[in-house]
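First chain written, first letter: the chains are A, B, C and D, and each begins at residue 1.
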Amino acid sequence: MPIRTVLLGAGPGAAYFSAGIERLKMGEIESYGIPFGNLFRSYRPEDIQIVGVFDVDNKKIGLDMYSLTTKLLNDENVPKTLKDIEILRGLHCKSLQGLPIDAMGLDDIIGDSNIAMNEFISLLDKLKPDVIVNIITTEKQIQVNNESEFIKLAKSCNGTASLAYAYAAAEYSRLHNRVSFINLTPPLLANSPGVVSYYEKVGGLIFGDDAATGATPLTADLLEHMAERNRKVNSVAQFNIGGNMDFLSLTEPERNKSKENTKGSIVNDILGYDAPHYIKPTGYLEPLGDRKFIAMHIEYISFGGFTDEIVVTGRINDKANLGGVMASVIPITKAYIDRGYKGTVSSINRFFMKKPGPLGTKNVSRIIAYNELMKELKALDII
Amino acid sequence: MPIRTVLLGAGPGAAYFSAGIERLKMGEIESYGIPFGNLFRSYRPEDIQIVGVFDVDNKKIGLDMYSLTTKLLNDENVPKTLKDIEILRGLHCKSLQGLPIDAMGLDDIIGDSNIAMNEFISLLDKLKPDVIVNIITTEKQIQVNNESEFIKLAKSCNGTASLAYAYAAAEYSRLHNRVSFINLTPPLLANSPGVVSYYEKVGGLIFGDDAATGATPLTADLLEHMAERNRKVNSVAQFNIGGNMDFLSLTEPERNKSKENTKGSIVNDILGYDAPHYIKPTGYLEPLGDRKFIAMHIEYISFGGFTDEIVVTGRINDKANLGGVMASVIPITKAYIDRGYKGTVSSINRFFMKKPGPLGTKNVSRIIAYNELMKELKALDII
Amino acid sequence: MPIRTVLLGAGPGAAYFSAGIERLKMGEIESYGIPFGNLFRSYRPEDIQIVGVFDVDNKKIGLDMYSLTTKLLNDENVPKTLKDIEILRGLHCKSLQGLPIDAMGLDDIIGDSNIAMNEFISLLDKLKPDVIVNIITTEKQIQVNNESEFIKLAKSCNGTASLAYAYAAAEYSRLHNRVSFINLTPPLLANSPGVVSYYEKVGGLIFGDDAATGATPLTADLLEHMAERNRKVNSVAQFNIGGNMDFLSLTEPERNKSKENTKGSIVNDILGYDAPHYIKPTGYLEPLGDRKFIAMHIEYISFGGFTDEIVVTGRINDKANLGGVMASVIPITKAYIDRGYKGTVSSINRFFMKKPGPLGTKNVSRIIAYNELMKELKALDII
Amino acid sequence: MPIRTVLLGAGPGAAYFSAGIERLKMGEIESYGIPFGNLFRSYRPEDIQIVGVFDVDNKKIGLDMYSLTTKLLNDENVPKTLKDIEILRGLHCKSLQGLPIDAMGLDDIIGDSNIAMNEFISLLDKLKPDVIVNIITTEKQIQVNNESEFIKLAKSCNGTASLAYAYAAAEYSRLHNRVSFINLTPPLLANSPGVVSYYEKVGGLIFGDDAATGATPLTADLLEHMAERNRKVNSVAQFNIGGNMDFLSLTEPERNKSKENTKGSIVNDILGYDAPHYIKPTGYLEPLGDRKFIAMHIEYISFGGFTDEIVVTGRINDKANLGGVMASVIPITKAYIDRGYKGTVSSINRFFMKKPGPLGTKNVSRIIAYNELMKELKALDII
């Protein structure tokens, strides 16, 4: 059975994912890069059917995913099946303010955010998604402590677009179809108590926050490696630089801070002490494109008081990684919806997210998180 | 209660360990670098008492561990308590043949390996060890399939010195005191069915083979990281070069092969397929000393068929790492002896050894192995 | 004959240099790290005699260089001869504004910058330096186009402290003793036409700007390596992070910009086109101390249109490097003073400085600059 | 005017070069990766016309360069103009012995090496080359001290195939057309006095030995960088691993030794002392293909006795690099022939070769060598 999926944000994240999923369905590629990729027994990545994509960039709205993907992947051979997926206008809530993009959401056009919200919910009802994935441009972080704050900020468009979308999805859950809303961006949704409790009430599921891809989960596993040998970590420096809009937007201090928060939490969580660290998106360098360059330095004390050092560098396609996460987490969370889960599920967040919700959830090494999730998935007959 | 410990081999491995343990007892250093270091509830690293060290290098025999350690660590301030530990003559069995060392064992002096063996066993009886740790120079690998083969090769000194020592320890176990024999070198002991079954019979415990320190356990965790994301690993290259006798001896093809065997097994075990790899000690460069330089390259395919690469480099004190393993595995295995275990214990080998025995045991990532061992140690009230 | 030398700024730069020079005189260390170190025939590094050090940090003024160096190098064995060098109060001109330092200069105390300037010049006259080295905290960059602007900004303390010091040294040159003023910090002095022409007039020499140490001269040579093979450089990323006050101060945007300017100019100068690059001080991480961590990534196109990549990482003691530059440039410039040179000398700046003056001087690879300078030094009988 | 060029060895080196040169002529690619690429005034890379290629692999003989290149570059779009170049049978002299290749040379077929030699010389006379480039599989190194030894070893096929080819080219020079013979492989030709003097006599030019590409010239420049700062280099480790036949053949000890010799000489030549080093081809790992992985570690002492370290890693297309060297050295040496040069020219060898001839020529940093060669080329109106 297909998993009807809506994507919020028609950026490279959406493009790599869409192209990859269609290629997978057509047998052009293997399921490489998809966690649990060849173990799925219930829903599988191939069941994902993208039924709609929302954006607010005027240059993108109205295009189909085929032409967008051709351009963003700089590849003439993306699957033709993407021609059927249209890019629709979503809610803006000023998410792109400060960036050089001509953006307009339903809220900007209608002029009343309440009406825009209802309009967006009825668009969702037409598309009938089972899963909604948030991959819009990184916004600042706000923590929402209670439901009424959540509703107020969302309906007035005074928080983030992510909050507005999360609320719309919750309403859609309540009125039409229980949905899984997956927040792969830094703003705190699964870490906002007010959001999670509202999802519990309406019977939907919310996951987040910020997809764990690239250098951060690798750092988590390296730190666990140190912790298990009781090595004392003196310092951790982690640089990463890329050439896409994601990195460009992170040169804005508030958005950067947002990423720094979700990234930095692993150190204390895993080591048990806050080893001095410098972990944040470092800069923008256009020719690197979607294949960012990472560099990491860890210095630590080993037995006898001797100091050792390791350095990790790499060239990593960020967007391919994000696509792999999406291809795995969509079928998994759909299966949880079917099994009646509500609110959020920390075991899923712990493996897939940089800052796993609900609030207070500790980061563990990814290898640990993976193995615990695997056990749970087996017990639930998902893999 | 002290854990009476005998070391086989008075090389840098022994020196770093001895200095570190004494410093730890004196409160000069923290328990950094000792796995489970601050969790021990039963025996603790501070309980280790080195009662004797054996070597066959004529330049070392007769020295005390204070003067040896001063020289090997190039440090004027090693603990004076090491003056009480004498370096005694052990069994040679030609383990140093081909290397530029003037060596002579009891077997060479007495001229009859049977009598030398008995002489060595009665030396053990005088020292009354609870734990014996094998850290002599890397020898070639032989797999011993049955007990009679084991006894024959050991008594005639026609196998390796490691086999002879393992046999002597087993006899000492049978006649005097049940002992834990820990093989931290590549020759197959815990992976030799004939050796393990003999230990079961005499009531001793044998652990091995080849201590998992440095680049190899790190590679194991990195490969697990890849495997969990279902990334297809194209190739793994791992170089390491150092400046001590350990690296010098590994420039001999047979000894090198021995290391390559224990190191390479992780790839297939963890990934589930034999990704092309080049993993072996690479060379000798004197000024690097005990702080080897490592470099590793991993190329893999991620979602959508995109190729990523990571490189790890580092400067690592091999001997400090080995010392940390010893300080942890000695109290653990002593606790298992007390609890009546016999033969070998794969959960311990899986975390501490490159090629975990008994024969057929699969390598898992170290993080997994650590967590399983931790659960077992808690259940047994060891931590 | 001794080279009477005054240092401006009693930071780690001054401390490493002072300790090193005294150790060199006492024969405790070799002349490693000093360009042309064992070739000097005229003045030699051992001839350097530090006659005074100026600072404006109230915690440092009044201390001697022995106690300062003991603390900054964290070393109990620095040469006792440093006890004779006192730290005196210099000119502040708000150079430390915004940093957490309790600072006060002669200008702050006297309340009139003109009088403070004269006071400082007469202090110089007492110390009778041949060479004055500017190594105060990084300030912002101003380019001074004519002499009257220079004099106005300097006397009113409305430019930078570096400008004020440069003017004081020029006046001292005019009135007392022709001096070499070496600016190893980013503010533009040797690149300010107004400053250079004033030095020509008074018969002094000014060198700068910003000492070429660490990653930047290495990058210069790597880019030259690419350029000579006609490789097309796609992008250059260079990170560096350290744990001293130098890095802390560079987290201030204006000071950081100052460094970025001197660092970035090499790309266009050497390649002949402005390859996209990200080159600037990246961050502050306290445990790294004076031994910064650097990482660099260069991607380029080679024959046939194939793309190659190299990555350089390193752990480098910034202050030791700076000390080596000082130990070489001081005797060299003193010899130029003796030979009657005035204004500035671009061949010296081209090897020793990140942004070589006078204005308009192009960066060349360091290897080229070195060889040209070597020829000149030989011709002048300096080496 | 075209430069008629013969290639010895139809391996990847020949394939990358041929494809690149044709693409350059057709304007499909820029002259990137060709030293002096856009400066040539006399002959230019586009003037190179490949008139014949020799091999001894039975599977290759009779093919055209189009089909060979398509396969070796794994590229369907190589220029069709390569169809006109046939692969002919050359002299074997057992150069491929020990490798898994079904090889047969004129000498094997004819059964008499003297006759085979004459046969080969008359083949050359038909092709009428101006330049002959030796890029056959790496052979062992022999130094030939006088002309009679050269003639004897060459005619009897008892030395290396490289010697035999060098002799054939000399004879062709003497009888037909003065030729430039460029040895880009490790066997000593330009470093053999007997060979060079014979070329002088016959009026030909011989260049070599072993093309300086990849990690070695980079190391040369890095070492020069150290030397100029008077840093004391403690040790140099350089690894490189690749996946083509070139690396496979270097797993044979004698061939490996041959490379090690040409690579290692830079250390002493540039530093002035023989810093301990480990520099040799490290291994073979098939999936890496022609894009080798390199890793280098340099530790050195800087001012004040502090120890710094740098690490270089990279992914480099070896064959593209070799092609760039060929595209530059062919037009240059042809211009020297025209200008009446005989024997060898050390300035050319110093930039282009790992072990520059004639015997006794010192390695200098590549940047120095480049600049000296540039001056000479300008003086001769070549650039």
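Heads up, the rule we're going with is that contacts are C-beta pairs under 8 Å (C-beta built on N, C-alpha and C of every residue); 3 or more make two chains touch, one makes a residue touch a chain.
Chain labels with UniProt names: A, B, C, D = Myo-inositol-1-phosphate synthase.
As the structure is a prediction and not an experimental result, all values here were calculated from the model.
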Touching both chain A and chain C we find none
Over half of the contact pairs shared by residue number: find the pair among C-D, B-D or A-B that meets that against A-C. B-D
Please identify which chain has its centre, taken as the mean of its CA atoms, farthest from the centre of chain B. C
Taking the mean of the CA coordinates per chain, how far is chain A from chain D in Å? 51
If you average the CA atoms of chain B and of chain D, how many Å lie between those two points? 46
So, what's the distance in Å between the C-alpha centres of chain D and chain C? 44
For chain D, residue numbers touching 2 or more other chains are 309, 311, 313, 315
Tell me the shape of the graph of touching chains, choosing from line, ring, star, complete and other. ring
One finds touching chains in the pairs A-B, A-C, B-D, C-D
Mind pulling up the chain C residues that touch chain D in the complex? 16, 19-20, 23, 29-38, 217-218, 221-222, 224-225, 228-232, 291, 301-306, 308-317, 320-321, 323-324, 327, 365-368, 370-371
Note: in the complex, chain C contacts chain A through residues 234-235, 237, 239, 241, 243, 276-278, 282-288, 293, 295, 297, 299, 309, 311, 313, 315
